[in-house]
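In the two assemblies presented below, chain A is common to both, partnered first by chain B and then by chain C.
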Partner chain A sequence: MEQKKHKSSMTERKKDILTGLENLGSRIYEQLDSGYFPSIAMPSRSTENICYDSLLRQFILGDRKVRRSARNIRHLKPFTQLVWAAFFSRELTSQRKTSTLRDVYYSAQAYEMTFTDQQESNNIITDLETVMGLSREDFNIFPEERSAVFGDLTIEYTVPGYEGRTLNLTSHPDGVLIGPALTSAEFAKTTADKVIAIEKGGLFTRFVEENVHNKFNAILVLTAGQAPRATRHFIRRLNRELSLPVYIFTDGDPWGMHIAMVIISGSANAAHLRDLTTPDAKWSGVWASDIVDYKLPTDPLDEVDIKRLYELQKDPRYKEDPLWQKEIKTFMKIKKKAEQEAFSRYGLTYIVDEYLPEKLEETR
Partner chain B sequence: MAQTTFEEISASDFFYRNRDIAGFTNPSRAIFAAIRELVENSLDAAESLRIPPDIYVRLSYEGGASKETQIFRLRVEDNGIGVLPRHIPSAFGQVLFGSKYKLKQQRGTFGLGGKMAILYGQITTHQPACIISSTGMAKIYIYKLMIDIQRNRPLILDRKVLINKEQWKGTIVEFCLEGDYFRAMPKILDYFKQTAMVNPYANLTFVDPKGRLYRFTRVTREMPEPPKETSPHPYGVDVELLQRLIQITPYKNMLEFLRNHFHRVGEITARKFLEFSNISPSKNPKKLSHEEIVKLMHMLKRFKEFLPPDASCLSPLGEELLKAGVLKELKPEFVSVNRRKPATYAGHPFIIEVGIAYGGEIPKKGSFMIYRFANRIPLLYDEASDVSVRVINAMNWRRYKVTPDMPTAILVHICSTKVPYKTVGKEFIADRPEVRREIANGLRETARQLQRFLTRREHVDRERKRFGVFSRYLPKIAQFSTRLAGKERLPDIEKLLKSVKKFGTEET
Partner chain C sequence: MEQKKHKSSMTERKKDILTGLENLGSRIYEQLDSGYFPSIAMPSRSTENICYDSLLRQFILGDRKVRRSARNIRHLKPFTQLVWAAFFSRELTSQRKTSTLRDVYYSAQAYEMTFTDQQESNNIITDLETVMGLSREDFNIFPEERSAVFGDLTIEYTVPGYEGRTLNLTSHPDGVLIGPALTSAEFAKTTADKVIAIEKGGLFTRFVEENVHNKFNAILVLTAGQAPRATRHFIRRLNRELSLPVYIFTDGDPWGMHIAMVIISGSANAAHLRDLTTPDAKWSGVWASDIVDYKLPTDPLDEVDIKRLYELQKDPRYKEDPLWQKEIKTFMKIKKKAEQEAFSRYGLTYIVDEYLPEKLEETR
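Now for the complex of A and B:
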């Protein structure tokens, strides 16, 4: 199902997005102009219509459709909001400006389009994503940035005022924010041969300090907890466009495990979207068995952790690779969890000198 | 009844001692009752000539009497029939003298109220009353009189005759009385407002002691058909009445006696009744023994074939006038009225008229505003005990989608030759099953109409709101899609809007 041809060029992609939005406008315009109540059909996002596609290795939406029609008085307001959102997105994209969900909520008021609350406007943006099959970052609507990247990758900006300018991502030791400018940038060149994604800021900094990018020839990505969509998309591009294998390091607990899973197989909330997953990425640690093997200092799993493990055990994404089920079982057996920082009991560089090379090798 | 029971004290004396029963209980009640009695006499006086009444009432402050009560001068002017000069002293100075002893619907019934007011004025201020009246002939008569309470006789203190150049017709009554206006004020104003409601053809003017003018202007000159006098209905007679009829009858046999003295009794009915009660048609009524009279009364009540009394002796307001009155005084958004067919209780005919008014200037109070009337007189006291209130409370209003928190006023008017008051104070109607049924049916009918109105309005509202949503959003969809598609011209959405509106108006 991965027919959508990959766009190497961000400019091309933006052009496609603009055309898509304009086509949507034309469809509605034509319906109105020929005296029909316009309507828009889109896949239903209800839980019953979300299923796991083992080929794509992500959640997708089923065949059930919902139709928003301007003839239906109850649909009229959300329909109008949707058309407005499409219009607003086109303005953003064509003027190459960026926005946030909060910003969208307020911008609506300038057009006398009132949203009852933030949730309502968020839902409309998700509707637009579903209709267009694109994520909101494609329409230049970004979340608050918190994740960062560091490593030998030269990018070329496409944002206004920076077009053609390049930046090497080693130029700042704190890393470069994965924000609108970076997300829309083209990849110019790299010497790296792998990507290492890290859950926690502390460890990310340690890796930069310990020269991991040079020692292991890697691009380092800080996910800062659950990876934002822009980051997931960015990791996917690194994987697809530069053919770099991706290794993910998280805490050794059900939550860390799931951070890795979302990067690999996406989330149910994004079932209407593509291009956010990196199915070939590897979860390299911290595994439950690492806790045992490396004799890490631990905390006991609490009730919520255990409950989460049972949920994950049944999740179709966790049935793809026996590794997951095995690690879940181990967690349940040892009833313990460990953070990435736990390696510091063996000295500050132990994780880089010993653990990292072993795990990279193990999950290659 | 007066002759046998009250040999030792005069009628005036009796009412002097028992003024409570006529409504003169306390200073505030007294001032209300005095105004009410005189206004009602005035209304009757004008109506008996079929002239739309013009009534002017002025209450002015004369001086303090005690801490709580003051002396007021009350003047009531009307454009009614006037009183013949020879009747003036008795009409205003002798209790239980009057023109209201016949059987037809009237406001007062004993010819008592007006005189009670004057009597009350006299006993509280000891000043004479002044009566000015003319029947429209050459002269106007002015009397100053007081009542000799012990002898129940008028005392004429002064008498003047004026030339009636302008052929004025009417009566002016002026006297002083003790009262508590400021406590009585709300009731008095209510009284005028409600009187105006059921007398939409009358002009009422009231000037209160502070000089404030309240004016209730007529909205029509149409007046209801006046009531006709009738003979008593056989179901409604008692022994005393039979004896009186026997005394005065010129007829020499029972057949003629029954035919001529009873309402709705003709030859055939009379014969059937005589057969039923085993009385010879040729018997001379004057020869009936006391026992036979008692038996006759029982038989009259037991005989099933008398036709019910007809309503010609009643003068209901009629739906048009009632509606006009409600619209004028309550200014509602909607009113529905219902005049019931005549019915009877215990041989007395009565007609119920009800009205429901909704919205407009009717306030929201959390309960229905209830207006009660009897023979076009507002009933202002003892609301909770009244049969209409019981019927209203017992009714399942939810069925009609009406709730007490809606701005709703309910009006119940009973007219009868004998209004079934529960007490002598004449402030509320007794719970008679026949009356209750008529009120309930009338309320149901008007409630249905109100429901229809509310449903239709709700529908129109909904359609309007619906159209509002379309006309708010469709242009926006047009605008955004035009700009999104990069077109110049806005699409034509008039047709779509029209289709929505047409759909809306068709259904209303």
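Now for the complex of A and C:
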């Protein structure tokens, strides 16, 4: 596996983010000082400008640009909102406070900055992401959803009040929440040699109880359904900074398959962002062919599952590896799906004792 | 506040649970040995048998009983399923493994015990709860949802591999997950003098960042919407074992109000259970009258909100304290609702600096 050395220091990263926001502000002042109406340009996020980059193995934005200019009366409101969002993000980042999209919407009122509704303020934050090429989490705007991690990794916090304090991620056997503090922590030490990402909470707990982290030298990540962006970034860091291979286990259906895909190759919605994908991660199961091979209890695919399979079949991300097309075809042929818990029909520990080692070997 | 001393030892409790399950099995053997068709009796959970107990301040089941007998051919299947569920719960509890409702459904197949669907197996687990008067969490069957806690409380684990190990619940600033390990831990030490339960994740993080746990000597509990049963049990333990008063902060709408109510007085669905309610806990806000007093940004109540208010108005739990009726009337009058994040219109820390101390004082 190619090993790119990324910046390991989260403190450095935070500094870069602040500098980026300040540069955005300076450019606006410079335009004003030079007697120009200030404007901000960014890549267009319209569907026609989203294309798949097979080198980066993710969706990216094309060359089309949009410009928000204070000269244009129709642009004046979104331009002002965008500048306010940058200002507010700088406040959050420099004061090291975190926030949510909902908080941003209400906070605007404290500055007499009006947004018609939550959707309008969310869009402006996405504009800011596009201008900066950074995720809103980088500006300390976090979603409500949290997933979890467990395994032998010692982290070192960078959040106020905890600077320099460490925590080993086996400290709490229910799993350690992936929130703002964990996301901004440095990786200090690990003995793990792989990452296993798991879709379901029940199975995550099973893996912890059955000592998968020790038996397989693994860091276990609970995605809790579709992985939140902070979790996708965290998985990427484990892969890049610690050179750990990543194996993803989901339900055996088109939705589970796509949970794995979004960790691997990202989504069209995040075409304006990097740092969220892990192209070398493997989808290790539950495959359609596992349903057949392991004779799992199943449910029939319903109409919306089948419609989804046809969509995925045409998706460029699913053309990268012949595995995807093969499994989509098998799903269509057997017309069945199975959950991760279906392995319990062979006893609670079968999935750990038999299935997991076979699949890790198979997708190595 | 009345201080009942409850059994503090979770290990003792687990022993009692095992004994209870074993007694259930012994009674069946005794019936067989005496030449009777074995049967199991339990309180009926039909709506007519659910009544409100104003002494316990929760719903309870009345005197009506149902009996599942091996003599009756229509009972034979549910009777066998119930005995299997008790057997499987004993396996889980004695081997100290946890499981989910989904896992139970699939595990049955390993024993050639058939359930038509997930709903049938869920119902049988509720039957077992009713027979035993214990929650499924007591039998190590946990839901997927997890909430979190943060504050100066040192716990001592009882789960395998962690026996005797301690964790202070300020160890991870993203909050410590309330899963099987935390739920079964002993409370070792605390300096906190109150519990503050919070509906929303964003606000929970804000409270941690603003040092609410120190400034107010509080243990912070994130309910993440409607509190899972393990979390309600955990809040009750904080109240009973540590004699800590509990204050609950939710959104200012009928749904938030009801999140508080279910922590305080439980639900009709759990009328067969004790140990989940905290009758002395206070709903501290966001009240309808707070929306007026603090001039919060609001949304209009929609039809389903108003319908819900009429339902709550007639609910016996809402007749305990005049506060509820008064706030329901105010909601109906102003026809508005507000979220917890609405306080951000006065700046991100207003809720902690101004609102929180006022409300703690007011609902003391």
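As a working rule, the second predicted complex is superposed on the first by the 358 of 364 C-alpha atoms of A that agree within 3 Å, B and C clash if a C-alpha of one lies under 4 Å from a C-alpha of the other, contacts with A are read in each partner's own complex, and residues count from 1 in each chain.
Convention: a residue touches a chain if its C-beta (ideal position, glycine included) is under 8 Å from a C-beta of that chain, and two chains touch if they have at least 3 such contacts.
In this text the structure is predicted, and so the values were computed from the model without any measurement.
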>> After superposing on the shared chain, does chain C or chain B touch more chain A residues?
In response: C
> When the two structures are overlaid on chain A, which partner does A:Ala86 contact: first (chain B), second (chain C), both, or neither?
Replying inline: first
> Is A:Pro357 contacted by the first partner chain B, the second partner chain C, both or neither?
Replying inline: neither
>> A:Pro38 in the overlay: touching chain B, chain C, both, or neither? Say first, second, both or neither.
In response: first
> What is the contact status of A:Lys77 with respect to chain B (first) and chain C (second): first, second, both, or neither?
Replying inline: first
> Touching A:Pro316 in the superposition: chain B (first), chain C (second), both, neither?
Replying inline: neither
> If you stack the two complexes on chain A, which partner ends up touching A:Met113: first (chain B), second (chain C), both, or neither?
Replying inline: first
> Touch check for A:Leu24: first (chain B), second (chain C), both, or neither?
Replying inline: first
>> Based on the A-chain superposition described above, do chain B and chain C contact any of the same residues on chain A, and if so which?
In response: none
> Across the complex, what residues on chain B touch chain A?
Replying inline: 466, 469-470, 473-474, 476-478, 480-487, 491-493, 495-496
> So in the complex, which bits of chain A are touching chain B?
Replying inline: 21-22, 24-26, 28-29, 32-33, 35-38, 70, 73, 76-77, 79-80, 83-84, 86-87, 90, 111-113
>> Can you tell me which positions in chain C touch chain A when the two form their complex?
In response: 97-100, 102-103, 105-107, 109-110, 142, 144-146, 148, 157, 159-162, 167, 171-182, 200-202, 205-206, 209, 211, 224, 297, 339, 341-348
